[in-house]
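Pasting the structures here.
Two complexes are shown next, each including subunit A; its partner changes from subunit B in the first to subunit C in the second.
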Partner chain A sequence: MNIYLVEYAINSLLRQKYKTIFVTVILTTLVFLLTSVFFITNSIKYELQSTVDALPEIVVQKIKAGRHYDLDSERVDDILEITGVNSAVARVWGYYYFANVGVNFTVVGIDEYEEQYKNSLNLIAKSLDFSTNSMFVGEGVKKSMSESYYKEYFNFIKPNGTLKKMNISGVFEGDTQLESNDMIVMSKENARDIFDMSQSRATDIVVKVANVDEIHTVASKIRLIFPDSRVITKDDLKISYQNIFDYKSGIFLALFVVSLFTFFIIIYDKASGLSSEEKREIGILKAIGWRVDDVLKEKFYEGFIISFFAYLLGVFLSLGFVYILKAPLIQKIFTGYSELKTSFDLPFVFDIQTLALVFFLSVPIYIAATIIPSWRSATLEADEVMR
Partner chain B sequence: MIELKNIIKRYEINKNNTVTALNGINLTVKEGELVVLKGASGSGKSTILSLIAALSKPTSGEVIVDDKRVSKLPDNFASDFRRDNVGFIFQKYNLINSLSVKENIILPLVPMNLHVNIVEAKLKRVLKMFHIENKENILVKNLSGGEQQRVAIARANINEPKIILADEPTANLDEKLSMKFIDILKELRQQGKTVIVATHDPLFFNLDIVDKVVEIHQGLIS
Partner chain C sequence: MKKIVYVLLITLLLFSSSSLFAFSKEVTNPTLVQVGKHKHWCPVCGMSLKKFYKTSHVSKQNSSTPKQYCSMRCLVVDMSQNSIDTKNIQVVDVVSQKLIDAKSAIYVVGSEVKGTMSKVSKLAFSSAEAAEDFSIENGGDIVVFDKVLQMAQESIKSDMAMVTKKKTKKIYPMGKKIFEKICDKKIELKNYKQINQLKAAIKNEKLCKPMKEKQLQALSLYLFEVKRFDNLKKNDAIIQVTKDDKCPVCGMFVYKYPKWVAQIFYKNSHYSFDGVKDMMKYYYEHRKDISKILVIDYYSHETIDALKAYFVIGSDVYGPMGDEIVPFKSKSEAKVFSMDHKGFKVLNFDEIKEQEVYKLDE
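On to the complex of A and B.
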């Protein structure tokens, strides 16, 4: 590498400091936005994929007047008789609105001797003291409760207005933050008490099927036995999750493409228009013996230094914004209903393809925008350029 | 030796307008000679220098330097020819104002990627030769006209070229500084360089160091 040429390129950037600062700021902002969106998308996709993977194969709900109602837990016995069903568990769960913080907690009831429908619940079932009023809470729940000075216990307000004091036994980590962050796990008995449900009732039933190819057959049989039920398969849930995410991504992408285009126009305008001073400089360099490729090499170094610096700065700012500051504003576009949900941390997902994509969308394009006009000037006769 | 044979040079102003700068010039300059091209503004003196330096190509005719047809050289070879053989002192010096004296002088060496010691040695030689040793790190824009010219001459000589071309070198200098420039020309002549000066300054016409004065008038040698 020609150190003198690199030094000249750096000097040239410093000499045009206002242009350099302007282009760096615009390019850094562009890289920062682009990388932030990709980081958030990757993290949420990762969360969603993990959430979907942890979903039960079939969920059976009771529908009355088009709405979801409690069902009789004895329906489990009828479902277990269907060929191909491995297990059926009546779930007791629901949402508890905590007005102080303005968030919904998901209260999940489990039985000590029952097979759990999720791996993460098995660990809690082993640690939870079923004989007392105790519960395990997700990280976000713990945080929300602490904000209202509930550090050791929490008072649930039952539908009849009386209080139910529950001790916090510990904080658990689920398979995914998105799913477990707002979750409270306790015994089914306590959960029924909080929701004022009778002992024989359940919220829904989750069904595990031995052969995944049989899921739709089993679902049809359940519908036949219980015509008032809504049978939701894992595929249905996957599609619904994906639809919400894709819809939001689509809106954001449309807005983003417009802003990206605007940025490119600004950059192209700034980078490609050679001032008369710059043209004269190219003429001087040619006149004192620089070849066209020497001029282009120097312009390449200039373009590379500024765009690569902006790229690195943009990526580092984006890492800080997404994973340290938790992507304020942008994350809400994707997660949407965070007013009612406890906030969650984006898991760090390192994707080299994302970084490569952003690199190729910024650095080579900028270098091309600087080299092409210089090449035009450099290939003219030096005499003509100086005149 | 520099030979210009039947040189015609036309500049296209637009599609319908062309200006004939040189209209059939024949000129020979022997090695080591100091030749003055004399003529009014727009007579074609600068165009001759530009053609010898391969900064532009003639519309017709040939420019031959040391048996090399420089008027036929492709762009990159023309650059190499300039770098190795020609030192050009422009009328307005054509320095890069925001660079220091040192940075301006070593500009022709930058693409050559020479060892730092060689660059420093070449730099010291010309700084001393043109008496600007103490100005090395000063920005060119902060120098006087005479000092800027000496920087331009130093830059033209950094690569020890055989040919020095000077375009209206005293146009921006007072008489005292013009005399100093003539001293520099004497020195260059003594070093055996071929020097061509394009000027309308009468100071040059009766100098004893000048081998030949060629008068250009409306693109022709009078």
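On to the complex of A and C.
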């Protein structure tokens, strides 16, 4: 590596100040846009994936007149009889609309000694006091409640209009933010009280099946036993989550295509020819004794310095934008479907593949776009170029 | 206008009353004939007699104290273990809620009312008219005691299976949690001969912190039916494979198919296979000095002893090497699997024939 060539390349960049700045800005913006989009999609994908993974294998709901309806919790016993079922738990849960802040809370009732269908609930079951009116709330819920000055307790309005006072005994963290942010966990009795459900009823039943190959068989057996039920398997849920997500990523794909298109126009413009000034510079360099490979090396350094600098700048900017500023504007597109839910943070997912993809889309292409036309002029005779 | 109001009121009354009279087996003042603090619960299953009073039966063992059961099912279970005089059995009359002689009682079997510990309910009436009225309203057949007893004895196996599944999947784990969380760990289980005595002791001697009836039932069932036999059954054999283990028959890595692993242990060595089919092929060639054979249950993924397992041959479920022989813990599970997945045969380990194993590859 010839240090003088590098020095010359830097000086040459500084000499053409405005051009350098222009190219850097364009490249940085491109890298920034691409990486932010990828960071956001990766984070949300991760969040969704872990949410889906935490889901039970089968959920059984009762459908009455085309709507989801409470079911008899004794159905659990019939489901347990099916071979292949590991456990079945009747869940009591529902949404509670908190009008003051305009958000929906998910109220989940758990039983102290029953098998919990989620790991995060196991921890709560250990620390929650089931004998009193106490509850654990997610962080988002805590925030919404304290905005209305409910710091120590919260008054639920029951369907008959009376109030039910519940003490906040702690804040919990779930496996993923998407699920836990809007969640309130309390005993089944209290949850039933808030929703005015009778003791023998439940919202739905979650079924665990040890052998994943058997999920389908078990699901069809449940459908046979309870013709009025809707049986949702994990795969069904995965597909519907994926559909929402794919629709949103379509918007990003459009953005991605447009920015790439812009980038390639700039590249094409560069590659189609050098300005006469640049040509003359190459001619003079050759006249004072530079060889072709010296010229190409110098041009390579020039292109590499500018594009790599822009790449790093773009990546760092997007890291800050996505994970520190929480991706204002862009995130709205993705999380639009949960408008009523309290917002969630993007989990940090470092994906080397994405960074490599963006790197190879920007740096080598730009370098090629600077080297190829210079090589064309450098191979010509010096006097021909200068003329 | 007034007429409409009356009509409305009457229909309202009718509707509310029909739901009010929904059949409940619980009564406020049950007649409990057992002596002692354990009299509130059934000696066989431990369930509350008050809650299931209307299906309750009483037996007097030869000159000893009477036992009161929650249902005919528990009576039948007790009969199979102890000698009970069938002439001396009493049953609760649904109408008067008094104990009457079972021999003279008229039973309604298989009505809409759910059975206690059984798939069909068996309710007793002192008069034939009352039984007929009940069966007109709720369905079911009218039968005499001897016949009912016979029916209960015939159905006891399927009733037991139903309850066992519920217990192992739901109640025992719950009871274990309760025991570990709020109980004195030093309960001397050998002191209690009947589950209701244990229940009474837990409640009255404060062996555990106070709890609801449902939780008490789960706890006692766990202690009486699982914890008591803790030392007897120990299943410490668990299949473990390393990343280097290869199936000696087909040469594939075994760790990639944890659901299908099978192992044969010899005196000093052991081999892992990626399916029972390959294991059998090896087994037929090397039968000497085998200390144990382990396979994995299809449904629960638990390690089980192959010699005690049941196998389904020729199903539509494929293992890593195609058609497989699928192992099961219990015969009933194997049968269910065989029906679900078009199995050819349900076999013991000894019944698997070499020919049939090789035929799977064709």
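By our rule, the second predicted complex is superposed on the first by the 380 of 387 C-alpha atoms of A that agree within 3 Å, B and C clash if a C-alpha of one lies under 4 Å from a C-alpha of the other, contacts with A are read in each partner's own complex, and residues count from 1 in each chain.
As a working rule, a contact is a pair of C-beta atoms (placed from the backbone, for glycine too) under 8 Å apart; a residue touches a chain by one contact, two chains touch by 3 or more.
Model, not experiment: these values are computed from the prediction.
**Q** Contacts for A:T379 in the overlay, against subunit B (first) and subunit C (second): which applies, first, second, both or neither?
**A** Once the two structures are laid over each other on A, A:T379 reaches subunit B alone.
**Q** Where does A:E115 make contact in the superposed view: on subunit B (first), on subunit C (second), on both, or on neither?
**A** Second partner only.
**Q** Look at A:G84 in the shared chain and tell me whether it touches subunit B only, subunit C only, both, or neither; answer first, second, both or neither.
**A** It touches subunit C, and subunit B stays clear.
**Q** Of the two partner chains, subunit B (first) and subunit C (second), which one does A:V25 touch, if any: first, second, both, or neither?
**A** neither
**Q** Figure out whether A:I225 sits in contact with subunit B (first) or subunit C (second), or with both, or with neither.
**A** Once the two structures are laid over each other on A, A:I225 reaches no partner at all.
**Q** Taking the superposition on A as described, I'd like to know which of subunit B and subunit C A:A210 touches: first, second, both or neither.
**A** After superposition on chain A, A:A210 lies in contact with subunit C alone.
**Q** Between subunit B and subunit C, which makes contact with more of the residues in subunit A?
**A** After superposing on chain A, more of subunit A is contacted by B.
**Q** Output check: A:Y4 vs subunit B and subunit C. Expected answer is one of first, second, both, neither. What do you get?
**A** Only subunit B is touched by A:Y4; subunit C is not.
**Q** Identify the overlap between the subunit B-contacting and the subunit C-contacting residues of subunit A.
**A** Correct list for subunit A: none, the interfaces share no residue.
**Q** Can you check the complex and tell me which residues of subunit A touch subunit C?
**A** Answer in residue numbers: 76-77, 80-81, 83-88, 112-115, 210-211, 213-214, 217.
**Q** Residue numbers of subunit A touching subunit B in their complex, please.
**A** 2-5, 8, 11, 15, 280-281, 283-294, 297, 379, 381-384, 386
**Q** In the complex, go through subunit C and note every residue touching subunit A.
**A** Touch list, subunit C to subunit A: 162, 165-166, 169-170, 173-174, 177-178, 181, 215, 218, 259, 298-301, 317, 332-333, 336-337, 340-341.
**Q** Which residues of subunit B touch subunit A once you look at their complex with the stated criterion?
**A** Answer in residue numbers: 50, 53, 55-57, 75-76, 79-80, 82-84, 86, 88, 90, 94-96, 98-99, 103, 106-111, 113, 119, 155, 159.
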